[in-house]
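Here come two complexes built around chain A, the first alongside chain B, the second alongside chain C.
Moving on, here comes the complex of A and B:
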């Protein structure tokens, strides 16, 4: 990658954030998992990049790409924040094609000078170089779901394959997905209420797919299906998923994704409940 | 006016099918020009619908084992017909693994290009599938609009990079912008650029090479590093790139700064010229 090494140190100094990567897919795949809105806010610290996408002040997705995923990762300030059009960013990252020929990798170098400057991307594949100048926008305040460990009432860790099929077959005519988690039967239940009737899917707590099951108190919550459906993109890529709910009924889905180089990345989804279901209502 | 032709060789048949598929991707309706030596597929878009024109040429003897034609008159030994290009490519789809393919001009209540395909079958009896493709015979007074376009003097000519790479770049650029600036110089550099209020993207291709001048041509009179620039409708360019299943043996692009882009793709037996006017 001659163009990556040609850059002199002096040039690097003017940027407050520089990252390079010899396989752009390790970065773009994770971003695709949270691509359900056009805009994303990026937070970079010395530990890595967090990219946040929100919808309707009800759902938030965060992708964490650790600094180790990159071959070069420099952040001059404590946190560098900028907002970009994620659709454009993804088009740029996959400019040489989303399914490259085996054996060819697209290298990426990303640079950002700071507030008011564009995000610069230099992509290279087989000697062809693409330079992208993506204008950044005023970062917006992102939601804080206040999802603390202290308030978590139940926690389930599942192998993703167990949830993948369930999510792909969800009855989309149902407006909500109801999640029941209880210390007794049915333990973990997904329910939909669609035009063709209701359907329930139960996971016993000692099945092979279930890695952890912690729950002290029965909880029944409903979430807008349209808000949860985009998380399928992350689910498909992930190997494990952690499902947590807190005492307010907020849902946290955390997906563990392994990239092509074997590094682990995380994608988080937070979703607020749709409506209150009386806690006393006993599961059917 | 008569025309009948026959293909017996499987490779020729495949090749002809490929050509017709390529044409179908580039033009909804096209003009087929039949002359004793050549077949041409022609497209002359009106300016209102983009103004793209195409001139593709194949030597009949490279494809057909029999080829008979009789034009309008002895001194105008040519036939021009207009047809929906998809009809031809669809008819040829049934011709995969066919034993022979026959094409002729017929008149079955209305003028047709009749494609009959003799299929192989397990038993000795043969099956024949016949397609009648409606055509419009183009009268002689309109022929003047359907001549091989002359190529104005180019500012820069350059060989194109692998069309597959170019296609994926242009495809992504199309998601962002409606038009694209192509610039090239005489040092083998070609840039594809888009610019919107959100983003500027430039892809740089290097060392592509410029074609040597023919002996009679006047030498280039410009700085080899100086770029010539043409801004075109990105969909028109993508249409050409997306239609190429096989990489051509030679792909050449000539830029007439601010006026047009002339792309010339050469395959073994077919040549395709594609003209995209500059956006005004």
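Moving on, here comes the complex of A and C:
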């Protein structure tokens, strides 16, 4: 044991961020849930890693992987930020195959020396070690949606199974997804307006799927379906989802995902509303 | 129109839509007094399908709203299908399905009630349309086969998915033969040398009323669609057919619903000669015979007829014998010759297609309400075969 500690001590001098875990899938699965653009910005603090992906300055996805998910997690600075190609990172993480044989786990050790250095990955399965060096990029500023609790006008917590089918069957010929949240009927409605006509999906306020329903004021907002559709990946993995909107119509989707070891991770999506909501839209 | 489907019948309805979607791009929905009919026809009008769900199929069935005429509509198959896309899900989570059609909303409303009180409402835009009705009469078909859908379903299972047509015939010992059909080019090329043939014994059939040697060739895709429905409903499938080139009628029936698929068959001029005891398979003689047969024909039909001739060459069990155009294979009967056959249906199929592939029309759609008496249909495709 002292020897190991020593070795770790030597490494931590060299690297500003070191993390290792026994089962790489606990990390890669969560990253896949936000993989709808090539590039991601990683923020590591002593609490864990936050990986952020953005698109069109309108949608942002964040994956939080807590430090507890890792067997070893060391951050030398307060925050270590770097940007990597997420596609490449995921390819490396699944270099031993994305569906490993049952009983075999791929272990990962991830090190980063600091600004200008590559992200080092050591992947080991069955005594075979692969070393990957992924060049890091200049971190870009990420959007701040300013989604504060004070401005939240409605909040719904649903079991994910209730939304899964709905999202997989969304009429993709519709440009937008309209979300109606209202204290009266229809309470929570998802609508699409496609080539073939419109369709509305209504959830009652008090059913077994609905864990929380808070809404004081009717809100009807439209979001680009193409921006929201990628969140299906996170939805599929999750067991619960929290849906919130604020007074500006911004949408927050927060997915609670349990990994194979029973740790809870979160993925959240923020999306700005579509500008031209028809003023005469009646919420019925 | 308003109707309510509950429980497992929602899946049955969904399954029917799936099998209709194999045929046409548009769905004709017509509420009738004796049930809700869903129909479709393919773009070349060589295949037609119709399901009629009896009022008892529904928890509630109201074909007309008081004070309104019967409404019928035409909608995109794709959009209707998307409602019933996941059959497993329908079975697991859908408790009720409301379908309503009225003038005011000018859309077809399909509402699915899921578990937990979740409700999905689809408002589908529709087009007014005439009634779609193929002209066919199972009673006029001399040959009838009836078997549990499972038997036929298993028999078509080994055929490659890409296979377009299949030949169904009665072979030696009254065994029912299903054989992959090859066109001339395919049969000629050495690369596609495989022919799949399934043979089913007479004892598997509930009814087998056809002489040895008869055979028809039809599209497999549509047939598979109906089979999968019939299999899931656990119903027997009845095939009514006549000479090659005349449409074959596939029916399923129970007390709650019936389904009719009418498929064009290929005109095959020598298939009837199958399995007659001769042993000399000399193509020479046959082609000569055909030349004689078609001496008066236009070159087009001559060539196609040749195609089918050589195509069926693929089967080794095809000894060539008498090609005398005997009375039993009047492949191109004139309209007069079938006047005596029709009883139930006002008019028989007006004309058989020219001996091409299924490119032609073989039945007409009556552009009149189904109740009104109809005259004989205009011949949509003239007989190209002059002799009769």
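Everything that follows uses one rule, which is that the second predicted complex is superposed on the first by the 269 of 284 C-alpha atoms of A that agree within 3 Å, B and C clash if a C-alpha of one lies under 4 Å from a C-alpha of the other, contacts with A are read in each partner's own complex, and residues count from 1 in each chain.
Here is the rule we go by: a residue touches a chain if its C-beta (ideal position, glycine included) is under 8 Å from a C-beta of that chain, and two chains touch if they have at least 3 such contacts.
All figures in this text were calculated on a predicted structure; none of them were measured in a lab.
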For A:128, decide between first (touching chain B), second (touching chain C), both and neither. first
Can A:85 be said to touch chain B (first), chain C (second), both, or neither? first
State whether A:55 touches chain B only (first), chain C only (second), both chains, or neither. neither
Between chain B and chain C, whom does A:165 touch in the aligned arrangement: first, second, both, or neither? second
Between chain B (first) and chain C (second), which does A:226 come into contact with in this model arrangement: first, second, both, or neither? neither
Between chain B (first) and chain C (second), which does A:94 come into contact with in this model arrangement: first, second, both, or neither? first
With the two structures laid over each other on chain A, which partner does A:66 touch: chain B (first), chain C (second), both, or neither? neither
Report for A:218: first if it touches chain B alone, second if chain C alone, otherwise both or neither. neither
Contact residues common to both interfaces of chain A (with chain B and with chain C): none
Given the complex with chain A, which residues does chain C contribute to the contact? 75-76, 78-79, 82, 85-86, 89, 93, 107-108, 116-125
Complex contact set, residues of chain A against chain B: 85, 87-88, 91-92, 94-97, 118, 125-135
Chain A residues touching chain C in their complex are 162, 165-166, 169, 171, 194-204, 207-209
Touching residues (chain side chain B, partner chain A) in the complex: 161, 165, 168-169, 172-173, 175-176, 197-207
